[in-house]
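Labels for the chains are A, B and C, by order of writing; each one numbers its residues from 1.
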Amino acid sequence: MQDRILEIKDLQIVYDEELAVKRASLFVERGEVLCIVGESGSGKSTVIRAITGNKQVKVKGGQILFEGEDLVPMKKKERQKLLGTKIGLIQQNPAGAFNPIRKFNVQFKETLKSHSLPFILEKLNQLFVTLGLKNTTGILKSRPYEMSGGMNQRIAISAAMLMDPELLLCDEITSALDVTTAISVTDELLRLKNERGTTIILVTHNLGIAANIADRIAIMSKGEVIEFDTAERILHDPQQEYTKSLLRDVPKLMV
Amino acid sequence: MRKKKRAKTKIIIVSVLVVLLLLSTVLAGVIAPHDPSEPCATTIRLAPCAEYPLGTDNLGRCVFSRVLYGGRTTIAATFLLVLISFAVGTIIGILCGYYGGFVDKLLMRVADVLLAFPQMVIAIAVAGILNGGMTGAMIALGITMWVSFARLARSHTFTLKNEAYIQAAVFAGKSDFYIILRHIFPNLLAPVLTQALTTIGTTMIGLSGLSFLGLGVVPPTPEWGSMIAEARAYIQIAPWAIMGPAAATIITIILFNYLGDAVMDYREI
Amino acid sequence: MIVKILKKIASLIVILLILSFLVFGLMYLAPGDPAERKLSQQGIPISKEVLEAERAKMGLDRPFLVRYGEWLSGIVRGDFGSSYKDDMPVGPKLGAGLKNTFILAFSSLILALVIAFPLSVISAFRKNGVIDQIVRLLSFIGNSLPNFLISILLIYFFCIKLNLFPVIAKGNVQGLFLPVISLAIPMAGRFIRQMRAELLDQMKEDYVTGMQGRGVKQGYIVKNVLRNSIGHIFTIIALQIGSLMGGSVVIETIFRWPGIGKLVMDSITARDYPVILGFVIIIGVIYLVINQLSDVLHHILDPRTSL
């Protein structure tokens, strides 16, 4: 029954010469939504960076098992191939995910060529339609700086979904957004999860958003995962004082 | 934190070296084994030896002593020029940023014009026309140097002016002079001083370049640029007469540039 | 677009007018009487009448603004006046020097770029690696070396110790070698520092994270970073042309390269003001035009930047 698509064991990460993550263990099962919740500086985004193999962070200890294989000792080239195809990323500022001054079609093609995949317009078109983007060919001929932030965001999400990743990492994508847009983005994510069975890890400082969509929740504070359980348990029977205090703040954050 | 600590150590080490360098020129009178400007017919173009550590020049003068005394001229002129440009630029920048208006616009246009031209070209032309020795060379470089300080001070004043605590001081009826002196100046001192520190190296390059061209200090006053220019004529016979001031120039510029970089890094962390 | 370019040209002309006025004013205030100097140089005994006549001939007796106006209208027509030294027109003198200076400056620029561009790319993409450390050290040293010192050290090693080159540059390729290196080394140092910083800034942009997240190959990422930096890099190059011009005065004097820089140094010694003025104006125009062009180029390469 258990199919842990990603499991992190006793992870220690150094970021900017400081031990940003001291101890982190968590997992997510296929098709679930895991939310990592914590305030800024808690190390939650650093965990995401470690999964994507970002050069700025160094894993000092522990394992990152993706479909049973440890990513930490893996070569850079192999990891690069995993990214995009099996593990998708929607970064902190998704609107900036594309080079602002080059046309989208060139950039989509570069992405696909990197994985030796063909560019299939029909597939992209479907994604665009799902995300409420009209005029696919028009968009492909334009450059990001000519588009609105909202459009760029949706194009970035479609780019992350284009190669059907099994795991989608979302790094604080809602924190810069106003509440209505944040909810619409999480709704999109939920729809993708339901339609395609994509596993999602969402990093947020907002427990309210996590409460809306999470199956599992990990609470991080000062570089440690202090509580990790199903969303139900965390929301209704929290063990840690810190989690309780976060929960008390939720009604204020939810609309 | 660790980065910051390391940057701090770096600054301290370089500062110690800079202080040593400055001391050696300040104490030139004590350290120098010989009179720097007294020609001597019996010691012409001697190779470095125990008596003359860096040899002697065409007129039999001790190169080592001349390098020490020359450091005074070069470093003092550089410091003075940077200091004046810093003071003038900062005052203009603060006043322009604080009061704005027509004078601000005019001065910033002038600054644009001055920055729109290659500094060294202007300096050469101006120093050439003035023909006024080291003062002329300093004026020639100073014409454009104050601008960068003024711009920096102006932009910081602009931002500071809208800070709540300064607005509060305005409403409390404090005088403009008081606000500028107590609130604005201390807050922009650090970035502008850093800027001053980083310009020391380039200023020294500019000044010694002008001296080398004969547009700066007038012989027989020892100065590194002019010493190099003088000794160039007999480089084939007595290369040491060039190597002394050349090494001094390079080491000094490298030290000050390194200090500037280190302080910049420290402030950026 | 056209309106903006016209506006730019207008402000350029204003800047040039102000500069010409300042330099002309400075020359007016400068100590010494050019007429007296000219006569004594030509060995003519100076009496009051001769001096007055010469002053009238040279136009020195007229009011400042009239002289400025005449000089300026001459320049607009391409007439830079005549030399105080030998009464020859200044324009052709400057033109001949300019040609030689261009050869020297352009070769140095190319050499500096050939050194700096690949090194800064490697340095930036392998930040903190061994190559980066070495390149940073070298560029720091290069940036700290005055070019007159480099040229003298080069002369010492190549001409005297190794006897490979003549000390005085003839106007040929061999003579070009050492002056070009002297100019290129500090320039390459500055280029590396600035280009590396620009590339590193560019690599912090969100789109790089985005591309890495999509698993885009490193080669494409490099290509995108370079593509977005190139506009800035042109600006960096254009700004360096200023110190290149200043540096070539020094280098031309040392190597006796018959360029505009050597001409101006000779004219400074002879207090030949029309040549000095012409020099400042010509270099000013070149520098301004290059920088305005680089702005336009930057705008074309990256339409987000304002013109």
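Everything below uses one rule, namely that contacts are C-beta pairs under 8 Å (C-beta built on N, C-alpha and C of every residue); 3 or more make two chains touch, one makes a residue touch a chain.
This one's a predicted model, so the numbers in the text were calculated from it and none came from an experiment.
Arrangement of the chains shown, judged by which pairs touch: all-to-all, with no pair of chains left without contact.
Among the other chains, the CA centroid farthest from that of chain B is the one of A.
For this pair, chain B with chain C, the centres built from the Cα atoms lie 22 Å apart. Centre-to-centre separation of chain A and chain B, using mean CA positions: 52 Å. Residues 15, 18-19, 23, 26-27, 30-32, 140-141, 143-149, 152-153, 155-156, 160, 241-243, 245-247, 249-250, 253-254, 264-265, 267-269, 271, 273, 276, 279-280, 283-284, 287-288, 291 of chain C are the ones that touch chain B when the two sit in their complex.
Against chain A, the residues of chain B that register as touching in their complex are 1-3.
Remark: chain A residues 16-18 touch chain B in the complex. Considering their complex, residues 205-207, 209-218, 220, 224, 227-228, 302-304 of chain C touch chain A. Across the interface of their complex, chain C is touched by residues 110, 112-113, 116-126, 128-131, 201, 205, 208-209, 212-215, 225, 228, 232, 235-236, 239, 242, 246, 249-250, 253-254, 257-258, 261 of chain B.
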